[in-house]
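Please read the structure below before turning to the comments.
Letters A, B, C, D, E and F name the chains as they come in the text, with residue numbers starting at 1 for each one.
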Amino acid sequence: MKRIVTLGEIMLRLSTPGFERFVQADNFDACYGGGEANVCVSLANYGLDARFITKVPKHEIGQSAVNALRKYGVDTTYIARGGERLGIYYLESGASQRPSKVIYDRAHAAIAEADSSDFNWKEIFDGIDWFHFTGITPALSDKAAGITLEACKAAKEMGLTVSVDLNYRKKLWTPEKAGEVMATLMPYVDVCIGNEEDAEKVFGIHADDTDITKGEINHEAYEGVAKKLIERFGFKYVASTLRESHSASDNGWSALLYDGEKSYLSKKYDVRIVDRVGGGDSFASGLIYGLITEMPLQEALEFAVAASALKHTIPGDANLVSTEEVETLMKGDGSGRVQR
Amino acid sequence: MKRIVTLGEIMLRLSTPGFERFVQADNFDACYGGGEANVCVSLANYGLDARFITKVPKHEIGQSAVNALRKYGVDTTYIARGGERLGIYYLESGASQRPSKVIYDRAHAAIAEADSSDFNWKEIFDGIDWFHFTGITPALSDKAAGITLEACKAAKEMGLTVSVDLNYRKKLWTPEKAGEVMATLMPYVDVCIGNEEDAEKVFGIHADDTDITKGEINHEAYEGVAKKLIERFGFKYVASTLRESHSASDNGWSALLYDGEKSYLSKKYDVRIVDRVGGGDSFASGLIYGLITEMPLQEALEFAVAASALKHTIPGDANLVSTEEVETLMKGDGSGRVQR
Amino acid sequence: MKRIVTLGEIMLRLSTPGFERFVQADNFDACYGGGEANVCVSLANYGLDARFITKVPKHEIGQSAVNALRKYGVDTTYIARGGERLGIYYLESGASQRPSKVIYDRAHAAIAEADSSDFNWKEIFDGIDWFHFTGITPALSDKAAGITLEACKAAKEMGLTVSVDLNYRKKLWTPEKAGEVMATLMPYVDVCIGNEEDAEKVFGIHADDTDITKGEINHEAYEGVAKKLIERFGFKYVASTLRESHSASDNGWSALLYDGEKSYLSKKYDVRIVDRVGGGDSFASGLIYGLITEMPLQEALEFAVAASALKHTIPGDANLVSTEEVETLMKGDGSGRVQR
Amino acid sequence: MKRIVTLGEIMLRLSTPGFERFVQADNFDACYGGGEANVCVSLANYGLDARFITKVPKHEIGQSAVNALRKYGVDTTYIARGGERLGIYYLESGASQRPSKVIYDRAHAAIAEADSSDFNWKEIFDGIDWFHFTGITPALSDKAAGITLEACKAAKEMGLTVSVDLNYRKKLWTPEKAGEVMATLMPYVDVCIGNEEDAEKVFGIHADDTDITKGEINHEAYEGVAKKLIERFGFKYVASTLRESHSASDNGWSALLYDGEKSYLSKKYDVRIVDRVGGGDSFASGLIYGLITEMPLQEALEFAVAASALKHTIPGDANLVSTEEVETLMKGDGSGRVQR
Amino acid sequence: MKRIVTLGEIMLRLSTPGFERFVQADNFDACYGGGEANVCVSLANYGLDARFITKVPKHEIGQSAVNALRKYGVDTTYIARGGERLGIYYLESGASQRPSKVIYDRAHAAIAEADSSDFNWKEIFDGIDWFHFTGITPALSDKAAGITLEACKAAKEMGLTVSVDLNYRKKLWTPEKAGEVMATLMPYVDVCIGNEEDAEKVFGIHADDTDITKGEINHEAYEGVAKKLIERFGFKYVASTLRESHSASDNGWSALLYDGEKSYLSKKYDVRIVDRVGGGDSFASGLIYGLITEMPLQEALEFAVAASALKHTIPGDANLVSTEEVETLMKGDGSGRVQR
Amino acid sequence: MKRIVTLGEIMLRLSTPGFERFVQADNFDACYGGGEANVCVSLANYGLDARFITKVPKHEIGQSAVNALRKYGVDTTYIARGGERLGIYYLESGASQRPSKVIYDRAHAAIAEADSSDFNWKEIFDGIDWFHFTGITPALSDKAAGITLEACKAAKEMGLTVSVDLNYRKKLWTPEKAGEVMATLMPYVDVCIGNEEDAEKVFGIHADDTDITKGEINHEAYEGVAKKLIERFGFKYVASTLRESHSASDNGWSALLYDGEKSYLSKKYDVRIVDRVGGGDSFASGLIYGLITEMPLQEALEFAVAASALKHTIPGDANLVSTEEVETLMKGDGSGRVQR
């Protein structure tokens, strides 16, 4: 069985029930997630051996985050304990023309203030095939960026495949800072996932003629971005989701993969959205699954897109679909007929 | 007032809240339903005198199933008590490309192990006009098949109109077994409801050129199936719903009725789905209501289709709409404007 | 900061959870609202100084209604206390072809039986810029109509701008009675909001060739109605929402404003509905906000329509959106992308 | 099987969840109850044939009240339909030193404004053994008092046993009015249930030396009251519960029955309260069950007290315990050990 | 009407439903509270003019905290906006031998990092009679301690009565630091509330022979502590609650007030606990209410104790009881009989 | 770290919310538990390496049971997959004189129909120190009894300590059958937990003069039973909980341990019950923890009793307390003071 490690933050997610606005909520639905944790849960759920690396405080809220990972089969053995707090994000689900809103309260989280000595990468990566991280972790703090770099170096040294989801977060850092830090990490990366906006914000690489608020998609422009990313950093593959945001309720969803020579374009799904958060992470985990199990590139891409289309129908951060369910959709049955 | 009896299983339905997957649920919404019970509740709700026949265990869960029927005015006087357990089905509601899932846990239910002596059909059918059953009941067990046959014979003997909803369930029996058992029951049936898939699986009758996963409808093919059913079994009417499954959230919904000479095709509704389960049962109860109250055939069909379109918007198994509401929709007002 | 007063009823709203029908509900979601209260909350929420005038009973349910207003910053100082009961309305949310249903239980409410002496308009209107009421308040009772007239007279006398939302409610009075009473109030009104149906029912003014159950819109017809309203009552502005009811789940939503010379037509939004109630009130509050802050007419109209499009996505009666959110949508971003 | 009729009001009960105060509640638990309805449900639940007589509005809230009765097996055939509204009561559950609070909103209810012609007592009482009413029904309105009198007369004429629970409600009428009206009804009564406070308020009969707020019980005083009631009205039996209110969470609970010659005193239970409402009604239904099934007087009293002790542990108005459960407690097993 | 200001932190409280442990919770009940906010809400609820001073972030979670205060009538005009985050505390309710648990996540809250310039005390205290703060606010940070000192000075200068609740929090500071900072504030204080533990931890003043884990109370020891506090700081009054912790479910609750000459001891209540948090705050607000409305000392103390006994039965931080309810209990009616 | 294996059934537990009766429930709280699973979760929660052995069906409900174990750190690697269904038990929580009720629906569960070949005990027990089972597992079916015997033999052979909780279940087998089967297993057992009732029902060993419904405890009688058990089967230790069932809300709770020479009696706790289910299992896991970590016998017993006293306050089957929490209570702090 293939083995993977992801590094990142796991937060307490507090979402308002139904479509309530924050000011209406008298209770919050609670779950635990974060970009890298979501990828890890999804991969464990597909049956891989997936280990998550982070730091959580020693109290029961920290433990609850660990339990949420264990529940879905993630290996939590190497999660460090200590620090001040668990990061939080508040979520209000939008609908129609009203966008979903996220309020982050993640500063001073244990992982953001973790120390290099909290993680022994030789031990953590022993017997592991793949290492995945995102642009969020190095954005948390300089210390977190340092830890990410150490992880990348160790991974490369120990022969792991390394993937990144660029995931630019404007609340965490500036494009300048992001570009500077991420540039030090990219040399270790084999597979880069990132949409046009990420590429532009982090590396100043941009596509022409695309207005993301309009929901129009220009594949050629995306391919151009991918090409530039590979030229600059030597990635093996670059992939990007292609989201057409018609509204908070309805999106078009497809993706593109470029291997330096050829670009693969997936089928497009029109998704009726239940929970939009974690959509990108479910693409990343689907793609990693496809690549690590050595599917042909087009198939790996289709797997990733079908998987993430399904994610949009599942409440919570993580993509709790089976490989069988993804495959059924890939094969064309999106009829939604009751499975008895 | 017209009086009807239905025979079948009533199960505890345990559904996950919202769009939660099974593995996410910390509580289940509970209601009680099943194909024939749903028809019975709906007919009682339309104002008919409707009696349900089944067997439930003597404990409080069995009683709760009885109470659920009484609440909506069903006559539960002749429900037998005893046996081991109440059948259960677990339901996870799908959305968009993700189908709803049903896990049955109905083996060894009281009705499946009921004895012929539990039911006195002379008494049960006294003063009754119509008897309805489905292909699920005889599929439960040989004993249940035997009871169904006894009921059919008594009904015919006592002059009731008999209707069946073929409802093939692949988890309960094979096409061979189904064909064999159902063939013994069909001679007593006047009105047969069943879609193409049922006809094919149970009686090996099939339409050409229809792929149910594609959501395309071929009316002529359906009419051909209906014709063959009437030829073989001498039904007075054959009806079928025509579901176009665009996704788990959106379906096209219409139906066809064939009287041996002419086929009637209903208006089609594009339904945004709240709860898909019981859609077919609501069509059956609508059609029975139309026929028993002697509506013209086209009107009876339109009533059935409008009624079942509305069912798709109601949580739970049963179709809790009034005849007035159905008629409003039949007359063309599907505008959904607030009724104050 | 501009200051506004609205007069009307605030009711306890008891709505079934999810899409449950009334007969299925074992609990009700409770909030407090009503046409004029909704306008007042929305204006307070936009940052205006908004005062609500009503009468509520002295018990805790009455106090809860006051608290609901205070929570969103409404000035409740002049709310009278006493009387028998707080009005109630029961709400069942529809979907697809099934309309939402409202059952009113508002007779004998404190405000319907309030006395002229309960309100000192000189004090209430001191320093106020705008007075808003609807056709519901005078419909409650003759005493309430009398109070509304006193308020209108005082408002005019003290130089306030006066707006009305015609809001014809057939359960409260007949067209004859409505026409008679409303005619005594119109002379004090500057801004009249009312759709075609209101104009026809209350004043016998009607547009040609529009069938509201069909969801077709005829702008010219509406303009004709507006013209007639201005001719008869000398309003400064007449505005109307243009709802296209495709179903209980999907509406087209736009509006028209006529200033006696020119008619302004807004952009149209296709809204996926979460909560339809209060849609008209959110348009009224949006328009008042636009006019009171002296936006150009087209902009004021666009603000009102964008605001009320957003309201359709928010549970409860009131429109809890910020001016920033409305402006984002006005500027064309209805993509619903997550705001992080 | 013994058959019983009760006449009265059924209300929508809206209670705050947990121990929330009214001003904290964002939703209400909904059930349907009322003194006489509670007695009727309990008797149906014990297996008797119990029929409830009231009037409810024709809308879905009225129907929901009927459904709540049907669910537990009550015969609702003779419930009249029409009128303005269904009465409501709001309930806030107390604890420890904080008392539970009830806010009534029952004026103008359909039953309060029902007409004599709504009920055909000859038909209603046909084949019935027992008629029960309470002091609440005649207090609702003069019309309701008139209907109650007609029912009493018909019951007596047709040979039914008649019981009353005095249940004085100070919000509905004055002691003077109560005394006057109730005196006209008492001649038809065989079994009178009423505590000291009722006897004093309604008939000016009082015990010495008892302070109900102190929780002390003086059996001799109660016996004196019972004696005076029998002397004045010729009842066959008088019964009273003896509640020791230590706090909203803990009560002592016993009762006394006097047959004109001898007084029977029950065992006392120390009850930990879950839901205090309907405690008296569960005693009444227990006593009626004991008497109608011809238990010896001491046994009938013990049944009634044990039954009502159990009621205090059940949420909602009605006493949903089986006769077996009551008998287990009567026989001394109050250990609360898990029944597997 | 008397006017009061309190200064402090308001936090988001996230509590597990029912008696769930943290690791079991899939949702949290949300409300907003904190020692000084609780006092403020309670005083507004008693009908005083109560103003709360704090700083909250500009986002919707900050606004929700403000709304929670406004809902209960608190004046929020002078609350500063800005800063990083709103403090949080997680609460798990205990029962029997299992204690309730609080996990604080309040570091870096807006009020802890507020600046002196955020508050204009001349304006804030204009027309105000009383200023209340607790030992929690100066413990938050040096800046918060500075702000508290400025508030105390201004209050004294402008002639307000000043009260403090010592409220030592060991997670926020050491006894040494607490003693040092609090000593600079005490000269401005008129009324000091604090139990034995507070006095010992903050000022090294201790009573002999009391073991707080045993639930035994030694009044003389408490009087000795009060005497020493007055000697050292010249307070006008010192008050302390006397909690006897039998278990997490049952407490004895009384209090003592010392005026420098005489000590007053209240009645003791045995309380069955619903929500223990805010018990001390409800005593403080009750005492302030008694003193500010010039009740005799014994009466003020009884009011405070009765009020806080009632608080233990109310979910959430704040004491939402009316003065009438407190007075009923003070007069001896703790019978918990239903108030209809 | 010590390692333990438990073998048994894990069921879906469906409990009514609050104190609702089965017939009132419209939803069920869902968790997963069972005697042996509860012991396993509790031991994993104390920090031991705990492995659970059972068989669950391959569908999502089976997986949910596995996830519930993983969440709390149980090793689920060797759980077999397959079979027909997951057992269920329905739970209604009692209060005061009303007992809790359990309805089992566990027949035909996967573990009851598991095959010997599903478990490789050499592999399962490799490196394990302790094996625990209960009298429930062999009662499920002859096959399950056979598997239990194989496990016992392998455990003994491989040098593990073996413990049993007799746990007689009258719905599963007769005393005769139980005695016969259990007698074949006892020779492998080192530590036997079982109360008087178990000993009497299973082995016909009984104490004199104890009436379990009265809540009186006779320690000497228990010691006599323990002595007889050791004489017959050669156990090293026999332990029994001593429950005094005052009511469903209040129990006295203590225990006795006998080592063949001396009997140890624990402190007694008066527990206010939140959830009674799993009380015995929490004692077993506490005792195993005490013995496996080599506490002195009295301390091990006190640990077990304090742990299980705390369990009674936790909803769900499992005892989610930490060793620190147990130790705090053992040391005498049952004051329930808030832990901040």
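As a convention for this text, contacts are C-beta pairs under 8 Å (C-beta built on N, C-alpha and C of every residue); 3 or more make two chains touch, one makes a residue touch a chain.
Small disclaimer: the values here were computed from a predicted structure and weren't measured.
Shared numbers divided by all numbers used gives the overlap of an interface; between chain D and chain E this overlap falls below half, so the copies present different residues.
Centroids of chain C and chain F (each the mean of its C-alpha atoms) stand 62 Å apart.
Centre-to-centre separation between chain D and chain F, using Cα means, comes to 44 Å.
One finds 42 Å separating the Cα centroids of chain C and chain E.
Annotation for chain A: residues touching 2 or more other chains are 21, 23, 26, 67, 72, 101. Each chain pair that touches appears in this list: A-B, A-C, A-E, A-F, B-C, B-D, B-F, C-D, C-E, D-E, D-F, E-F.
Residue ranges on chain A touching chain F, taken from their complex, read 67-68, 70-73. Only residues 72, 269, 271-275, 306, 309-310, 312-316, 320-321, 325, 329, 332-340 of chain E touch chain D when the two sit together in their complex.
Chain A meets chain E in the complex at residues 14, 17, 21-23, 25-31, 59-61, 63-64, 67, 84-86, 88, 90, 92, 101, 103, 105, 107-108. Of all residues in chain C, only 18-21, 23-24, 94-102, 104, 169-171, 212-215, 245-250, 276-277 touch chain B in the complex they form.
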